[in-house]
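Next come two complexes, and both contain subunit A; in the first it sits with subunit B, in the second with subunit C.
Now for the complex of A and B:
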């Protein structure tokens, strides 16, 4: 990827800040929130692929987070898979579920697509809460082993505290972000955007909307599921509560606050809306009311999001520079 | 043995029809709001919840009878609906449809937690005068209240059907489903119609809340399941089609209560969505569907 010098400096600065952040905020509690913020970023990144880039508002995405968490913990608990295998298994199975759910849902468009994915999210919730033999139902899964890589006992890294886990998830999140940034410069990535802007027109120039949307949907499910896997091995407990409604709105607002269809938006939005509920924890009873109010205000008054504003500002600067040159 | 199963099935069908009528009553408002305003109203379940609470408080605080409390709570909830529409939907004219999904989602969080703070989490029981009298129809035993719920639901949906078909305002609503701009040019006041649609939706949801609050209980989170079931019914019925909504609601109610006794109690809630997906695969425009 060839990038201008200034952008390169900006990016390395941002990454440096992210690397140093847990040393500024050293308390276990704040480090815990940092890790959670990064984990929820995956949810936002996944939604950004299908909703931000491809323009299909999928309401099932947060259920894929929970699904990823369940798949990963079940692979570890029932089959004794090591963490690396759990992660790969989660990616493969999430893609599989994405295909099964995407196939009927993507026949529809707009609102109807959204409602259908919501229905699937509900079915997953009921199955997970009722299949007690496999998932222990509402009691949830406990004793999920911590994340670790290695072979045998001698070459083994276990990510058993907040700091180590932060770097693990940060590495994965940055990898995913760079993968997405690259992807958006390929033919496929441009096909995503083409479908968002005008599905009929994109079909007329040889893009197959159904299958391109399917790829975006499966990709979104994989990224979101990966976040779920990281969540399970960090919190070491998953229950059907992870499927709840609240998360659907929250994931959307992460993407919107960050900036719809921007690469870095989900990271920023994810961080803000993981930290904000924690700040409001001081007034626990009013927390949902405050989060709800912030949500409404952002959608009404700040729909471009932070990265969207940055893009607008950059465009305007380029415009004035151009005008000055012409004058 | 066979006969006992048969009687159980009939009993379940009867109670399914009652719940189904309420699903239909919930979904009518959601369908109107979706069709006329292109808004997925995520706070609809909260209107249902408010209907239950207002009904309870009008009865206990003002000492009004149940039959008078129902329309009163409908009116109050409709007023709340108008205010909510002004605050969360009106500012979003010309924005993509998911914007209002999100603001009404935020609204639902606010309403639910406000209810929880003011009224607590303990379930309240609405006392219906018909609750303790029995009705026997052949092999089926029901309370009078359940029969009342079914009749009230069907009558209100029938009235709505006539209203939308015949009345001038109903005709304006249908025109707006077809083409908003053109109907504005014909002199329809879009803002007033949006307020009216929201009030109508909130009112019917409140009626369902007041009616079912006497069978189940009234509590802050009671609106969540009816909301998601409501969406299933809206899609099943096909858009812009009142009778379709009624039949889909009834089908869903019956399928669920049969599934609850013959398949699994826990999974009965998933039946709605399984049916929904099958319908979408084979008849994407809904069971009764011409999609507008």
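Now for the complex of A and C:
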């Protein structure tokens, strides 16, 4: 299948902007914010898989993000794993935790599922806060090594400044988006959406709702955990603060304003709501009011989210083209 | 093709389906009628795995399927529609039909990732199938319409379309004509006959007597969870027990 020309141009334009962005905003501080925006995007992407595509509102994203950060840090600090193996380990263990938490939670539906995931998120928070021997509790983990890949001493890249790290995370985010876009074209991807739209009907055409939801949940945990891993090796410090409730709402805001169940939505929503609070830092007193105002404006003018609006435009254009053809 | 043996399900003290023995042969259109609350939909839910029977057996092609999950039963070859219209409301008609192909397609993530030839082949076959159903149901103009924006009759037709897309050999239709106008009902009975002519066995629940009498090869009657009659449409329309179930005993009016 060949991509329509317009879509191809739009996509390459967007990617080009993302590549050039740190050269427009050259200050270390702004580059730092760009990296953080991309990192939080993973949390939004994960939520988009389980909530946006599969329709199950999970309230545990920040916990999975923090969990990923802790797993990756502990693998590096306690076992001396290189970054690549920390990343792989985080993916595997996040999927494992996803399974353990998903197995009981996914027996429930709707808000009951959401509340259960929130309860598990709190449990994780208390474990991390109190298992001082392993996690140093509220003091957090320090001295996390920077991200880098290498073969012995001959070949080594270390992502030790904001610019390099930006490209590392950007590459990972684009790869994840590509992976998701293709996944949504498979039978499994369609099954995610089918369950969101009508679980009973899905079962009657051969979809096993529990296991398909389980795969979506594990995938969401993996993507979110990956963001956590990038976070840990960038900020080089993790503490139980990362588990906080505030981030649950924020992740939902990112997904909803970006466009629920769209591929690019979480990236856009994630970028907006990480960058915006920093932009308004200049007017500290009014900062939250302004962020809130922008949120309200988006909800009024883009009720389906920004990418949702794009999808609508595309559909309307196709519809008028069809009508013109029929007339 | 399908055989129920002493099938029973009880909810506490209420026996919704009581010792029902019933068989459906390949290629026929079997109708199930009965007053409201007779246990018809419950019977369908048992056959399709949405409910687990208290006792009894359900044999599909000789294999006991009682108590298997709905998805497993679908993969064995049974698909159903619902009494309360069930489509994928947020998806377009086209996407609804593509989703219906789940049973006989495979995930093949790697093939999709690199858009290999295998991927293209499967995609083509799915689209061919969906296109045929669209034509069959005469819904070409609504291809890109979201299901929630369709008229009620069209939603019901789409529901049958999704079931057809699943390519199952046995179809259970739960009140397919409910809420349809006479014209839509007429079209529906043609559609059901054509589906049977494709070699698909059909078992339907319906209150619309004209439709049931017109297209069914055989009819079974359920009342208070028990099967009280089994025969051709003509036999059923003359069966005193059936008349009693629907109209009550004569003495009561005396």
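We adopt the following convention: the second predicted complex is superposed on the first by the 302 of 327 C-alpha atoms of A that agree within 3 Å, B and C clash if a C-alpha of one lies under 4 Å from a C-alpha of the other, contacts with A are read in each partner's own complex, and residues count from 1 in each chain.
The working rule: a contact is a pair of C-beta atoms (placed from the backbone, for glycine too) under 8 Å apart; a residue touches a chain by one contact, two chains touch by 3 or more.
Remember, it's a predicted structure, so these values are computed and weren't measured experimentally.
S.K.: Figure out whether A:296 sits in contact with subunit B (first) or subunit C (second), or with both, or with neither.
M.R.: First partner only, subunit B.
S.K.: If you stack the two complexes on chain A, which partner ends up touching A:116: first (subunit B), second (subunit C), both, or neither?
M.R.: Only subunit B; A:116 stays clear of subunit C.
S.K.: Residues of subunit A touched: more by subunit B or subunit C?
M.R.: B
S.K.: Quick one: is A:207 in contact with subunit B, with subunit C, with both, or with neither? Answer first, second, both or neither.
M.R.: Touch partner of A:207: subunit C, not subunit B.
S.K.: Given the touch rule stated above, what does A:194 touch, subunit B (first), subunit C (second), both, or neither?
M.R.: second
S.K.: Mind working out whether A:182 is in touch with subunit B, subunit C, both or neither, as first, second, both or neither?
M.R.: After superposition on chain A, A:182 lies in contact with subunit C alone.
S.K.: Between subunit B and subunit C, whom does A:322 touch in the aligned arrangement: first, second, both, or neither?
M.R.: second
S.K.: Using the touch definition from the top, list the residues of subunit A that touch subunit C in their complex.
M.R.: Against subunit C, subunit A makes touches at 1, 179, 182-183, 185-188, 190-191, 193-194, 196-198, 200-201, 203-209, 315, 318-319, 322, 326.
S.K.: List the residues on subunit B that touch subunit A in their complex, please.
M.R.: Subunit B residues touching subunit A: 34, 38, 40, 42, 87-88, 91-92, 95, 97-99, 101-103, 105-110, 112-114, 117, 224, 228, 231-232, 234-235, 264, 266-267, 269-270, 272-274, 276-277, 280-281, 284.
S.K.: For the complex, which residues does subunit A have touching subunit B?
M.R.: 51, 57, 104-105, 107-108, 110-112, 114-116, 118-120, 122-123, 126-127, 129-130, 245-246, 248-249, 252-253, 256, 285-289, 291-296, 299-300, 303
S.K.: Report the residues of subunit C in contact with subunit A in the complex, numbered from low to high.
M.R.: Per the touch definition, subunit C meets subunit A at residues 48-50, 69-72, 74-75, 79-82, 86-91, 95, 98-103, 105-109, 112-113, 115, 120, 123, 141, 144, 162-163, 165-166.
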